[in-house]
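Across the two complexes that follow, subunit A remains constant while its partner is subunit B and subsequently subunit C.
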Partner chain A sequence: MLARVDDRHQRTIHISIDGRAVEVRAGDTVATALLAADIAACRISAVSETPRGPYCLMGVCFECLVTVDGVGNRQGCLIEVREGMAIETQSRRREAGR
Partner chain B sequence: MSRLASLPETWDVLIIGAGPAGMAAATVTASAGLSTLVVDEGPGPGGQIWRAIMTTPVMSRPILGSDYWAGAPAVRTFYESGATYLPSTQVWSLDADGVAGLSADGVARYVTAKRVVIATGAMERPFPVPGWTLPGVLTVGAAQGLLKTSGHYPSGRLVIAGTGPLVWLYAAQLLAAGGRISALLDTTDPGARLAATRSFPAFAASPYLAKGLTLMAKVRARVRVLRKVTALAIDGHDRATSVRFRRGAGSEEQIPADTVLLHQGVVPQVNLAMAAGVPHRWDDRQLCFVPELAPFGQTAVERIAIAGDGAGISGWEAAVERGRLAGIGAARALGISHDSLPSPDAPIRRLRTLARPRAFLDVFYRPAVAFRRPAPETIVCRCEEVTAGEVERAVEIGALGPAQLKSYTRCGMGPCQGRMCGLTVTELMAAKRGVSPAEIGYFRLRAPVKPITLAEIASLPVDGTIVKAVVRS
Partner chain C sequence: MTEAGTERRDYDVAVVGGGLVGAAVAWGLARLGQRVAMLDEGDDAKRASRGNFALVWVQSKGLGMAEYASWTVRGSQAWPALADALSRETGIDVALQQPGGFHLALSEKELETRAQNLMRLHNQPRMVGYETTILGAADVRKMLPDVGPEVVGGSYCPLDGHVNSQKLLRALHTGLARHGGTYLPGRRVNGIATRDGAFRLSTPRGELAAAKVVLAAGNANMTLAPMVGLSAPMLPERGQIIVTERVAPFLHHPVVTIRQTDEGSVMIGDSKEEATDPAGMTFPINTVMADRAVRMFPRLARLNVVRTWSAIRVMTADGFPIYEQSTTAPGAFVVTCHSGVTLAANHALEIAPMIAKGALDESLGAFSARRFDARPR
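Moving on to the complex of A and B:
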């Protein structure tokens, strides 16, 4: 649940989150895109398999790990969205090789 | 195509981090004609304080304030300095010979530098409370980064909990941006207030007092501020829905929340420097590990210097000056004559002035023991889900320090590599064993300090010695 100050008009970019088409703004990070789409949880934890979501947004906590264009465990807060990017949450057991 | 592939192999100076310190250091060394490479994991320059300074959609200047906009000229000077700048690039290893492992866009490679300045800055101090792992719980720094980067702010019921200048700064920025705060739970320790009295005169003589009081007054006028919060827990099933807390010795209270923001100060990011072998010491005032440094930021590792908040928390203005000094130190070490470099006198004087009010801030905003050494059921290591009780139990059955704790519990061995639990672990183990945090020490950190894929490792150039190390002749 995010609101937005938007003094400078940003370009719109089209990505997908878990196969769903989402419009985001240029300059947003993957983690921001998730939060803006009201996806608070982007993965399950390794031990108890409980939901986790972005926490520090500065590359430190590794909570916002998601699959970006097929590569798993990317830090969503450090990657800017790109046109056509496919983001997948890691909310089920990981598959080998991803 | 990654810019990494075409990058020269050797550099005079490698600077890690493009925040205030890194940019200032690079400006000095590049202007002196030294080949200077600046790498930063973020997509743009500015570090956390000036995050997204060149791209922020928040153009109304009063929202983010003058300290933020001070970053724009610093970035322009940095851009004009002639330094090579690589954003979105990770440094996953660094050794004493100045060899750094970089990765970007799925490609990895090594570069070698005659001098390295680590300017990786600060991170927020761990704030382990029950429920801090729930989605919808973020740090105040995270929310501030969100505002700077994309103009976003939480729109539901928002509770901010914690202590430190950033709590008030962000609250004021959020209100100016049009946001609302249900409650601000102030965990500032009343005992610390008393202890800070002695250092108050130096603080009162600085511009920070008026600045701080103005921010607080702005926030108090519009937000319910609940003081002397002594216990905190976040409840929710799949995400945060409410916050439970106590004021003083009072009974438990509860308020609903869609988003909870936590903060209790900032501490140096130590992973890269420690993994490179730089000796650190426990700082009893700032309650964290800081590198042992000479006046120009030099460390015991000859090629490596450290500047900015990674050298000990002192704020962005000091980070700029320490960056300049590290740049001057590196250039001098590489034989650039003193005459063709800026004089270190002004930065040294300015650092002395900036240091004076710091003692008050350190003591006044020293987080309470209850929030540094949490109750047994609280998760301490978020990655491996190890609780404070499990850390203490490990001590009972013989773990002497963080290294043994790893093999007993896996604490600190997840993706964040101890960043989110390291200080909590040190303080918990110290208290349990009845020794000082200095004696306990920190996790033994090693490369890779950032995750690297097998494909990236496979993309590294192969030389004969590596092959010889694994192939029997």
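Moving on to the complex of A and C:
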């Protein structure tokens, strides 16, 4: 389980991850929120169908792809959490245009 | 190791260029026991080997030079041996797949042009025999179920395939190191002199001496070749590629402008030999490429694009390879071509042994740059 390194007061944001209510902090990215919620694997890879999770946290590796508010395969590390945001992990691999 | 001012021959061969062509030759030489130095530019190099489309492609190559068609067919057939050797020596699977490839037509006129071009190619004197079949829409759909309604047919060649060219480059570099070869980045070669029976290459980090030198520096061969009495007329071109997000495998045969990688990405590119609609290229190329790709495979329209790039293609003046040893500075070779992926096995397994032996085989005579001198004015 990852722990936060600072205790600065940040506003609490309420989101859901796979339908579960989760409290995160303003300024968190979706990837940070996932890791803070102890979710290491957020999707299944397209070819090998193995679990993948946030890795580079800077937009390069494309491993932290999740569905955000109904839009699939978004880069969690590049999206800031918003009040009421619905995040879904991707348990099925991405298909082309289906 | 070598330092500036050193007088002895440090290496048997200095290979100038650390891209796919240079690395294939260098690895091929090192596994024969040659002491090899591979000189490369830095990470800021305009590296065609990082920007290419990674096809191992046969169909439609060689119009105007039948020997190039034979050489390409041989390369395609030798590729499995190359992939096996690299896997054994480095543990890197370069993801070679040779399921046969397509060129698709979006109109009857395109299909007719395609058929005529193939007929011209295969009717050439000395043309190697291999199968390329023109297929109608129904037959194409049997092998590529996802083609759109605008696809009227295409040509299929069972020799065509593709690899992961990033893994290929890494495997060649790893293999070179395993055989004791020396990789020297940050050494853009500024000059080559011959002194005391050795080639002396000057670089920003000092001089390096070698008994032989192989110029495999892509478009830079144009300026390097005259330093050792060779010539390499090059005509660099720009190519563009679009890459989508990774998706479950659905495209089981590469198309000359569209392929799905071993990791699930779809790459959309364009290819010089296959520019069927020159007028279309006057529009922004990405738009044309994407539009044609979506008409070929409508499913692509719903994929996210994750990156695009353009890269400079290595291209000789007539598009065919140049392989030659200098007559005025024996031991200096030029090895350059457009298709560093398709011809990787030829370079590693055929050209490298010839260079180690000291002479290119006479069968490669058609690839001499003397062909450019012989042109009627």
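What we mean here is this: the second predicted complex is superposed on the first by the 91 of 98 C-alpha atoms of A that agree within 3 Å, B and C clash if a C-alpha of one lies under 4 Å from a C-alpha of the other, contacts with A are read in each partner's own complex, and residues count from 1 in each chain.
In the analysis below, a contact is a pair of C-beta atoms (placed from the backbone, for glycine too) under 8 Å apart; a residue touches a chain by one contact, two chains touch by 3 or more.
Note that the coordinates shown come from a computational prediction; the quantities given were computed from them, not determined experimentally.
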*Where does A:45 make contact in the superposed view: on subunit B (first), on subunit C (second), on both, or on neither?*
both
_Going by the contact rule stated at the top, is it subunit B or subunit C that touches a larger number of residues on subunit A?_
B
*Touched partner set for A:73, first subunit B, second subunit C, both or neither*: both
*Based on the superposed arrangement, let me know which partner A:54 touches: subunit B (first), subunit C (second), both, or neither?*
first
*When the two structures are overlaid on chain A, which partner does A:32 contact: first (subunit B), second (subunit C), both, or neither?*
first
*Common ground on subunit A, meaning residues reached by subunit C in one complex and by subunit B in the other*: 45-47, 62, 65, 73
*asked:* Under the stated contact criterion, what part of subunit C meets subunit A in this complex?
replied: 146, 245-250, 262-264, 266, 298-304, 306
*Tell me, which parts of subunit A touch subunit C in their complex?*
45-47, 62, 65, 73, 93-98
_Under the stated contact criterion, what part of subunit B meets subunit A in this complex?_
41-43, 48, 52, 55-60, 63, 88, 106, 123-124, 133-139, 141-143, 145-147, 149-156, 177-179, 238-239, 258-259, 269, 382-385, 414-416, 419-420, 451, 453
*Contact set on subunit A toward subunit B in their complex*: 1-10, 25, 27-29, 32, 35-36, 40-41, 45-48, 50-63, 65, 71, 73, 77-80
